[in-house]
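The first chain written gets the first letter, and so on, giving A, B, C and D; residue counts start at 1 in each chain.
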């Protein structure tokens, strides 16, 4: 047990401490604490990642030396540490990118609360990724819900933010209610809360055949509950309002990171708690696959008709979530790998797009409508380039991050035979075209010469922080695009030892 | 030695990017900068063709098996030679043509960058690299199509995006299907797909790539974007839609047929029949639509649709004679079509006349332009002593070799399309020179022959046509040696 | 199927109450009713959870007269979980009610449709 | 020996260079210097052609390779002798005629340039020794004779010109169909006496090859006005100036005949085509054209249109003889080639003179023309007699052999139907040609002779007319011509169908 192994535990504790201290500090100080904390956690988790990749297996970390079934455990493997490093890194960059907007939109005395909420959000996300106990998972799901709703709400005097938050909160509560009752039924059947023992119990039940119906019900509850919280297509009505009306940084965090943590939890439950053969026997994966394909198409169709840049990006998040669930729905290891890669790719690209959109709004008099954004890319050239890079990556042009997903997802769907392969391939082709159809005209409009009359001539003076964050984001995007082979082998190693 | 392979791609890209942002004082300086960059790149290509460096230059490992890498082999020499020869001419032409247009830095930046990317398509050593350059080509040429930024241009650009990205996505799926069966290998003459028994999985993959790349090569159902892209300025339509963009579609299709799937796998299968039928039908369809079209540049665009399918038809015959005929037509059509577009562009830029009926009697006022147009028209129709005849006869002879009903249909459509080409090109030239006595035709003083910078490309192109028409022996031998790897 | 409904009636009532709460939260247009619905749902779950731990014939897990053998008492773990659950649902209800108050101050109505319509009209100006 | 082989090219290059000189050389722009130069070049071409035919018979020249499989090859064989001599002679005659005729026309430079270059391409067709060269010269002949058609630049002539261009291209492309298939199933693309088809290769593919041969023959038939692709001829010939329309009818149609002869006897081979459905189809089409041409001419009132229709029917006489594929019929058709070129040339020149002098284009206006231009109308009458086939003139001899050849052949229906249709069409020919003479010389009672004005043309016109008329009666002294025709037939078809 060398020192590196308990870094993940330290990170969770650090974030908790950070969250508490931030609510008493001044806005500037709480900002410094939050950013510093995030960078520190990224470093620690990177060290943990290096350790787990070198050792190649995932270890269980007992908290408080209480053995099962009383004590609480977290399990650290290559996949968890990789997500653990990526999330805080993206969080820092998104916060830096949207910093000016935070100080504008949120009331003066509430800014330190904003950073408190951000820290709590990070705690819950890290916990969701790492936890090995399902009830702890539920608790952190709830913390995550409250924190993300608070992020949406903290917009100064905006009625729309309030309404969006309420609808978001209600839908999330529905999801977590289903999730909780799922846990309780499972606890009722297996008597355990830690994931490994539950796994053996369920395996015996599956073989013996009794409790078959409750098992299918629990799998259904988990799938619907968590897909509702991670905005899978039929349940995604709340996402556009919530993500569009929040400040630039929050919408980046929400669509880039928050909905991803639930997906990883769902993946963990399928792999570690229920075991893949049980899940496959219930056929819930096909339902997820169909919803994923639906998300890819209808998300993009809605985005096509949007005249508001942030709502367009929000709908595009729904579509990209569809990619992930289509990956999981394929049911094979490679499909899940494609889903995980898309989690990382989308986490890297969407926050950049939202920050760039924020930049455009500052130079276009705060309006989000495309009619006012003519030539915004020209007025704020850095955001223009960042937006183009993000758009091209979303379409899946090689050399950009999006291409990695397209490559692995196509290979995964080719491996599965029958209707799933045909449906997946046609969905990929269609969604690429649809993405191109709304991203490229948007880019063209942003670089359009004829500017709206009352805005032309406003030159942007982006702050150093903003420039730094966008450039690092672009570099990250190209890194994922070019070195995707590195990510794939880490994720493959992680998935092998995941269950 | 292999490192030189990356140069023809990077040089124009860098030059294009620099020319847009470098604070060049006068347009003249920028033209000079672009001109020397393009000529330098053509010389570089000539050097590469002469030295023919062997070996593969790997740029990047996308995943363990999929690699972006470059290589110079027989087929890429042909395509590189074509674009190397035509790009400087087109650039010279563009300098004169674009004088009175606005936002030129952006235009010339993208115009030169597409030179590099097309060279990339030619030099790529496997399907994924070619797909990568293929997508970039779409992105770089979108601003050129939408140059005028008026409503028409934007609609044409949107249509262009829809077709190209859709086509590229289809071919991407096809490529991945091939890779899933045969592994991600580089190009080998004769293809690397496992021959074995005919399995329809690979045939479906081949059809997907054929239709995917066919979008850029303007196959019948997916040709819609080419005529509507005619709204772009002439240097764009001339170079991109007569030579670079569409030829890269055809080049990609030949690559996938001959160097990836391989003729043995495809010979005699229903995939080959479908490909033959599609291309033969497009030959007829393109010429028929061209005859009906009154807008001059759209008529030439439809003619390109038909001529591209000549090349596809030749390559789909799956015989080495067919391939060398296809390559010869690729070269000759490049030269002939760019001349026709130049003439149309000169008339448009000098006199503002866009429609065919408006050109009656103009031959008197612009004799040299219309003389070039007549010669290029005769060449395209296939009159002997001009290159069109050579490639057409080769195509016919290659098609006659296989006694296959689809090849026969191809021969009949080739001949019919030759007649239709005569019908939509030659009467125009006759009516340009010969005007009935009593007709009242108004000519302004602007209607006169263009400046020297346009006439030089005309002269060079006609010379090239006559030389290839009369003495194409060495070229054809070179092509057939290339064909055998 | 129906036969074992009789002796685990705790679980049955819990699921029924959960259903009622879920539908109220999901379908009702009045915000306060939604909050009430949410509490229905949570309390149903805690009933289900608590009843899990009950072993008939044993006493509640509070030490009395020095008896420390585990067999004497019922299983305390579910009760512990219920405690955490109650904490979570109380905090969420508080948050939800705070939101409802803020909405009422702004739009002077509790009906969700009216609030959405008002906010959209407000956004148009 | 090497040099004189290149002499074969002289008949082609000499008129070509003269044509280019007339077009571009500044010195020749003045009318006074241009006319002698044109005469000199026409005469020079005629003489050089005769020398080449006599000296270099049997030699061939492989000029160059357009592409590995396409080579340009010229040779002098029996068909070249027969047609090249006739063609260059006719070009000379109408050249002389045009000296006078072109006075009332404009832009002479363009006319004479393309006049000379047209001759070069026609001689090219006669001299070509393989399929691609034939196709090359054939295509360039269309392009170079095209400006002659729309010379007067009226809207009608331009449309006629475009029609001529497109029909000829359609025919040429159908002709091009033969090259690929012969490249596959034949041993070589050069003209070989008796056909190039390799019996082993053509084993199972007769149907395909027959269809290709049929398409090629119909394609080349476009130039001769054979039925499916004949519509351009009645439109193009009348609008051309008289010397050009004389050549178009007299010689250019014969180029089509040469091409068909080559395709049948030197590429696919007579045995391959004899007795097949192709032969029966071609015979019926040629008979149909013969009959249709003369009936349309009978109804046509515009003078030159009537003569154009007459060309359509007369040339189909020749094709009928060729398609019968036996030596007597072939002899008859070659005789008719001679007769038709000379007679139709003469008739078109007379018509040209009449229109030139009196500007009357409608046949009904020509009452009493005989009084005004007796010599011209006498030549017209004699040439018409030749065409109708009245004994002393050459028409009779050729129609006689044609009828004999048709009866010899023993086809179930066509062998007797052929002579019947030839007879009917001869009567129709008399019907549309002789009334002009009758009304010309005997204008009838109510004609007031006072308004008569002598309009005899100058020598430039009379000399070629008289030469052509005397030659049209060559059957009076048949020996030299018959010897020429017989050994040409012997060379083409000898030893094949015996």
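Things worth noting here:
Heads up, the rule we're going with is that contacts are C-beta pairs under 8 Å (C-beta built on N, C-alpha and C of every residue); 3 or more make two chains touch, one makes a residue touch a chain.
What you see is a predicted model, and the numbers here were worked out from it, not measured in a lab.
Every chain gets a centre from its CA atoms, and the centre nearest the mean of all protein CA atoms is that of B. Rounded to whole angstrom, the centroid-to-centroid distance between chain A and chain D, based on C-alpha atoms, equals 85 Å. As a whole-number value, the distance joining the C-alpha centres of chain C and chain D reads 106 Å.
Note: centroid distance chain A to chain C, computed from Cα atoms, is 28 Å.
Centre-to-centre, using mean CA coordinates, chain A is 44 Å away from chain B.
Pairs of chains that satisfy the touch definition comprise A-B, A-C, B-D. Against chain B, the residues of chain D that register as touching in their complex are 64-70, 132, 135-136, 139-140, 143, 146, 150, 153-155, 158, 161-162, 165-166, 169-170, 173-174, 176-177, 179-181, 183-184, 205, 208. By the touch rule above, chain A contacts chain B in their complex via residues 392, 395, 397-399, 403-404, 406-408, 410-411, 414-415, 425, 428-429, 432-433, 436-437, 440-441, 444, 448-450, 482, 484-485, 488-489.
Taken together, the chain C residues at the contact with chain A in this complex read 11, 15, 18, 21-22, 25-26, 31, 34, 38, 41-42, 45, 48-49, 52, 77-78, 81, 84-85, 88, 91-92, 95-96, 99-100, 102-103, 106-107, 112, 115-116, 118-119, 122-123.
Chain A makes touch with chain C in their complex at residues 69-70, 135, 138-139, 142, 145-146, 149-150, 153, 159-160, 162-163, 165-167, 169-170, 173-174, 177-178, 180-181, 184, 187-188. Residue ranges of chain B in contact with chain D, taken from their complex: 328, 378, 381-385, 389-390, 392-394, 396-401, 403, 408, 411, 415-416, 418-419, 422-423, 426-427, 430-431, 434-437, 439, 469-473, 476-477, 480.
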